[in-house]
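So that you can tell them apart, the chains are marked A, B, C and D in the order they are listed, and the count of residues begins at 1 in each.
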Amino acid sequence: MQRVGVFVCHCGSNIAATVDVKRVVEAISNEPGVVHAEDYQYMCSEAGQALIAKAIKEKALTGIVVCSCSPRMHEATFRKAAERAGLNPYMVEIANIREHCSWIHKDIVEATEKAVILARAAIAKVNLNTPLKPGESRVTKRALVIGGGIAGIQTALDIADAGYEVDIVEKTPSIGGRMSQLDKTFPTLDCSACILTPKMVEAAAHEKINIYTYSEVDKVSGFVGDFTVDIRKKARSVDMDKCTGCGVCQEKCPSKKAPSEFNRGLGTRSAIYTPFAQAIPNVPVIDRENCIKFKTGKCGICAKVCQAGAIDYEQKDEIITEKYGAIVVATGFDTIKLDNYDEYAYSQSKDVITSLELERVMNAAGTTKGHLERLSDGKAPKDIVFIQCVGSRCADDRGKSYCSKICCMYTAKHAMLIRDKYPDVNVTVFYIDVRTPGKNFDEFYRRAVEQYGVNYIKGQVGKVIPQPDGSLLVQGVDLLDNKQILKQADMVVLATAIEPDPDVRKIATMLTASIDTNNFLTEAHAKLRPVESPTAGIFLSGVCQGPKDIPETVAQAGAAAVKAIGLLAKDKLLTNPCTAKADELLCNGCSACANVCPYGAISYEVKEVNDHGIREQRRVAVVNSALCQGCGACTVTCPSGAMDLQGFSNLQIISEVDAICQ
Amino acid sequence: MSVENQFKPKIVAFCCNWCSYAGADLAGSSRLTYPADVKIIRVPCSCRVNPMFILRAFEKGADGVIICGCHPGDCHYSTGNYYARRRMTLLFSMLDYIGIENGRTRVEWVSAAEGVKFSQTMNEFVDKIRSLGENVRLGDLRCKK
Amino acid sequence: MQEIISRAKELLENGTVARVLGWKIGDLPYNPEPAYFETAKDLENFVYNGFCGANLSKYMIEASKLEGKTMICLKPCDSYSFNQLIKEHRVDRDKAYIVGVGCKGKLDIEKIKKAGIKGIESISGIEMTDAADTLEIKTIYGDKTMSYADAMLERCHVCKGKDHVIYDELIGESKDTKDAERFAEIEKIEAMSPEEKFEFFKAELSKCIRCNACRNVCPACSCRKCVFDSNKFDSAQKANVDSFEEKMFHIIRAFHVAGRCTDCGECSRVCPQGIPLHLFNRKFIKDINELYGEYQAGADAESKGPLTDFTFDDAEPSVVAERG
Amino acid sequence: MSSEKNCAQQIKEISGADPLKCMKCGKCSASCPSFNEMDIKPHQFVSYVANGDIEALVNSKSLYKCLSCFACLERCPRDVKPAKLIDAARQLVVRQRGKDYLTADEIPELLDEGLPQQLLVSAFRRYRR
C-alpha cells in the first residue's frame, strides 16, 4: 500500500474562490492510502514546495497528489520538488482543479464536488504508480532551419555563432524571403536590402552554415535530439559547383515571359533565372515548365553560352538524409488571395494592387525601377487611396479572423514615402483603427499625418468602381463625419491580410507540431514558452507562429536560436520513462503492436521464457525505450494486454475511470 | 426548482495530452464554462483509449463517454488518432448494433487552440446525455448507488 | 476418407511427418473430435465426414512446438484461419504439412435435433466422397430423412468457396455450398429499433454461461492468456452475475478478433447454449468491408489487418450516428 | 424601456444577426446605395440595436429607404448582417401595425414599366407581412 500525501492548492483565489479547499482536504483524507492532506495558498511557491518536501520526509510518503493547476503547467515543478525530497518524480500525480474545475464552474458546491472526484481519481492512480527512471538519448549537435527568410537567417546565424552546425532549407532558389522584396522598413525607413543582404552574405559565408536552396523537407522521423530528415534538393538543372554566376544564360534565354515570383507577378523573368540580383546563392535555376528545351527538346542556348559548362538538363531531384538535434520552423507568410473580395476590383483593374506589390513598384530594383506609376498605363498617379484591413479581422470565411498586425505601420510608411518623393500626390488612408503598439510606432504614424499630410479617414471602403476613363471611383464612408465619400483615385492599394505560408501545414504534420485553425504553429505556452512548439525539439521563428514585423521576427528568431542552442549544448537528454513495456509471459508474439508503432520501437526476439515453470522458446515483443515515445497505440492493439504503458497503465486508467464513476 | 432534481449524468472524457487536454486547459483559462458532470482523464494519445476503458466506465455507471484527440493529421505521435478513429468507429457501431443509444459515445477532434470548441462540444454532449437520460442498458446494476 | 488415411500412413512411414492432426471417431455417430495420430494403428480411428466441422488450425499452435512436422487436415475455410495464424506468427509453416481435404458442407447436429429427430443411432449420407443430397437417419423411433442442405451449419450457407488458400497437397473434391447472403442476418438486426436490438441481444446473451467454449475454439482467440483471465484489466474470473459481464465479454472478444476473424463460425458451432455468436464477428466484418474496403482475414499471410492500418480519409466515428 | 429591450431581442431573433459582432468599420455604410437618403445610417442602425434604442429606429425613414440590395450583408467582414437587422426592424413595425403596409392591390398603381423585376420581388418581400 502506498503512503499518499495530498496537497490542495488555493492558487490565491483562482481555485479557492470556487472550490472549498478545506472541504476537499477533508473529503479525501480517508481515501485509501492517504496518510496526509493539507492545503496551502500557493503550492507552487517555494514555501508550498517546502511543505511538500517536509511531508514527504516526515510522513515517509511514497506518492503524492497535488490538486492544483493543469499538469501542463506545473507537473514538472512538483516532480522536481518531490525528487529533491527523495521521492521518485513519477510518484507524483496532479489533479487539475483549476483549468478543469474552478475556472469553468461557478457554483461552489458543484465545483467542490468535482474537485473531490478529480482528487480521488488522482489518488486512485497514484496508488498504482511505480517509480520510473528516465533513460538517456543522445543529441545530434546540428540544427535544421526550415525557411531562409530573415527569421531563418537570423536563427541560423545565432545558432552557428554558438558553434553548432546549421542547415537552412529554403524552397525558393534564393534565401532572403519576404524581406528581400521590401523597399524600405519601418519605423526608421532603412532600405530593406541594405540591412538584409549583409546578413544573407554572412549566412552564406559562415563556416557552420550550410544552405540548401530550391529544396524542401520531404520526411521527418525521430524525436528531440535525434531527428532524421530527408531533404529534397529539387533539380536546379545548373551545377552549383561549376556556375560562376555570370548571368549570361539569363540574358540569352529566349523564354522571357514567365511571371516573376519575386516581383509578385508584376514583371516577367527568363526561364533560367535567379530571383533577384543579390540572390544567394547566385546560381540560377531552370524553371522547367517555362523552358523551351524542356518543353520542346529544342533550344539549349543556355548550355551553349555557359562557359563554365554548368548547365545540366539531366539533373534529377536529390534526396539528402541528415540527422539533427533541433529543428526550427521559419516558414514565414504570404498575402491572402483576393478572389473573394470583388468589391475592391483587384482582379478588374491593374491599378488596384496589394501593399506587397506596391513594395515592388516603389523598389528601385522593381518593375518600374522605383518610379511610382500606374501599372495600367504607366502614368504618374495623382490620387492614391490605401484601404486597411483587407481580409484581416473578418468573422466570415472570406478573410482571416486575426489582425495582420503589420499593415497599419507599412501603410503609414508607404503613405509617407509617397508624400515625401511626390509631394503633389494626394494620399488617403481608409482605416478602421490605427494600431501602432511598438517602439516609435505611433510617433511614426503621427508623422505621416502631421508632417506629410496624409489624409486618414476613419471608415471602410465599400466598393472600388473602375471608371471608363481608367480612373477608380472609391466609395467609402467617413464615420466621424457620418458621410459617405466618393473619391476619385488613380491607384488603390490594399493592405492585404497575411497568412502562414500554405506549405506549413505539410511541414507541421511531418514534425507532429500542432497548428491552429489559421495555420499558425502553436506555441508550447502562449506566454511563457512562445518560441517552442509543444513537440519537443521543434522551435518557432517568425510569422509561422503569428503575425509580426521585422524587429519582432528578429527578436523571436534569436530566442528560438537560444532555445535550440540550449538543447544542442546538452550531450544527453533524459527520455520520457512513460514508455510501453511488454509482459513476456503474456505476449503472443503476434506483431500487431509492431504494426502500429509509429517509431519502429518494437522488435521481436525469440528467447527462452519461464512461464510458471514451463521453459520454452517464445517469440516476444521487446520495446526499445529510447525510441518509444509513449503514445500507447500498441497497448490497445494487444489483445492479451501483454503490452502496457508505464505511467498510463491499463489498471491506472481503469482506477481513474472507477473513481470518476463511483 | 427543478435544478435540484435535474439528472446529473456521469460523463468521462478521455483527452489526449497534446491537443485536447490542452484545449480543455484553454477552455479553462478562457473561462468557457461547461457542466461539472464532465470529468477528464488525461491519456497520452487518443490511441491509448482501450475499448475496455469505455465499457468499464459504462459498467461503473457512466452515462456518456467522449474521446477527444488531435485532429487527424495533427497527432503528436503522427498516426495515433488514425488508429483511434478506426477502433472507435467500430466499437461505436457495435454498441449501436446491440441497441445502446449511439449518442452516449462520441469522438471529437479538439486542438490545443480550440478552447471554444472544447467547451461547446462538452456542452452539446452533456445536453445530449441529459436528453438520453440515465444509462440503463450498459450499466452493472450493482454499481449504481 | 480412405485416401486421406492412406496418405497419412505413407507420410508417417516415410518420416515426412511425425504425427497427423485430424478427427477421430467420437462416442456418438455425430461427434467426431480433433485428435493426433502417431501410428498406422492410431489411424484406424481416423474419420472424416460431414460432422467434422471442427477447425484444426488452432491445434497447430501447440503442434508447432513439437518435434518434427505435423500433417494437418484443413478444409477450405479452415485454411483461412491457418493463414491468419501464420501472419500472427502463431504457427510455424515449416512444421506443418497441410493436406487440403475436400468439403461439401458440414452438418449441424443441432439442426437435425431441432427438426425433431431424436434418439439417433446412425446417419448415412455423411461421407464426404459422395455426399448425398439426403441424410438417412436411423433412430430408436424409426428411420427418418432430412435434406443435407437443411442440416448444414449456418456457416456453410455462406461458404467462402471451395478453394484452399494454403496447402501442400489436396485430397478430395470440394463444393461451394453458399446459398444465402452473408450479411442478411446482420442487416435484419441493423434494421431493428434500438429497443428491439437491445432486447434481441439481451435475450441471446442472457443464455451465456461463460463456459468459454467460444473462446477456446476460436482460432483468432489464441492468446496465451486471455485478458479475461489475467489481472491486467481487473477483468479476470468474473462470473456472469449480471447482464453487463456477458456484454463486456462478448463485445471485447469480438473487438479483439475484429479484422482477424475469418468468419469460420466455430464460436456459434460450439456454443452449448446455441447463441449465434458469429453475429458479433460478422457485424465487424461487414463494417470493415463497408468502411475500409473488402477484407477477408486469412486470404493471405502478409497484408495489414484493417485495425492495424488506416487511411487519411477514413470515416469519422460519427458515421455510426449519421447512418442512423 | 423593458419593451424596447424586448423589441431589440425580437429584432435579433428575426434577423439572426448579432450586433455585438460589429467592429464599427463602417463598411456597410460605405457600401450602401441609399446612404444619403437615410437618417439613421446602416452602421448606426447596428449600434442602435445593440444599445436597445428601438424607438428611434422604428420611426426612422431608413427602414423604407433600404433597397434590400444586401451589399452591406455581403461585404460585412464581421458577419453582422445589417440588412437583415433593418429587415427585421421593418417586420417589427409591420407586425405592430397589425396590417400590411401596402396591400397587393395597391402595388400595380405604384409601378412603372422601367422597374426591374428584382425590385418588385423585393418590394413584396418588404411591404408584405
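Convention: contacts are C-beta pairs under 8 Å (C-beta built on N, C-alpha and C of every residue); 3 or more make two chains touch, one makes a residue touch a chain.
Everything numeric here is computed off the predicted structure, so don't read it as measured data.
Shared contact partners of chain A and chain C, listed by label: B.
Looking at A-D alongside B-C, one finds more C-beta pairs in contact between the chains of B-C. Centre to centre, using the average C-alpha position, chain C and chain D are separated by 72 Å. Here the CA centre of chain A is 44 Å from the CA centre of chain D. Inter-chain spacing, taken between the CA centroids of chain B and chain C, is 37 Å.
Multi-chain contact residues of chain A, defined as those touching 2 or more other chains: 596, 637, 650, 654.
Contacts with at least two other chains are made by residues 50-52, 56, 73, 79, 83, 87 of chain B.
Residue positions of chain C touching 2 or more other chains, listed in rising order: 227, 233, 307-309.
According to the touch criterion at the top of this document, the contacting chain pairs are A-B, A-C, A-D, B-C.
Only residues 10, 12, 17-19, 21-22, 24-25, 27-29, 31-34, 36, 39-45, 47-53, 56-57, 60-62, 70, 73-80, 83, 87, 111-114, 119, 143 of chain B touch chain A when the two sit together in their complex. Those residues of chain D whose C-beta lies close enough to touch chain A in the complex are 21, 23-32, 35-36, 41, 43-44, 71-72, 75-79. Of all residues in chain A, only 343, 389, 393-396, 398-399, 432, 458-463, 475-477, 479, 482, 484-485 touch chain D in the complex they form. By the touch criterion stated above, chain B contacts chain C in their complex at residues 50-52, 55-56, 58-59, 72-73, 79, 82-83, 85-103, 105-107, 137-142. The touching residues of chain A, counted against chain C in their complex, run 583, 585-592, 595-596, 604, 611, 616, 619, 637, 639-642, 644, 650-651, 654.
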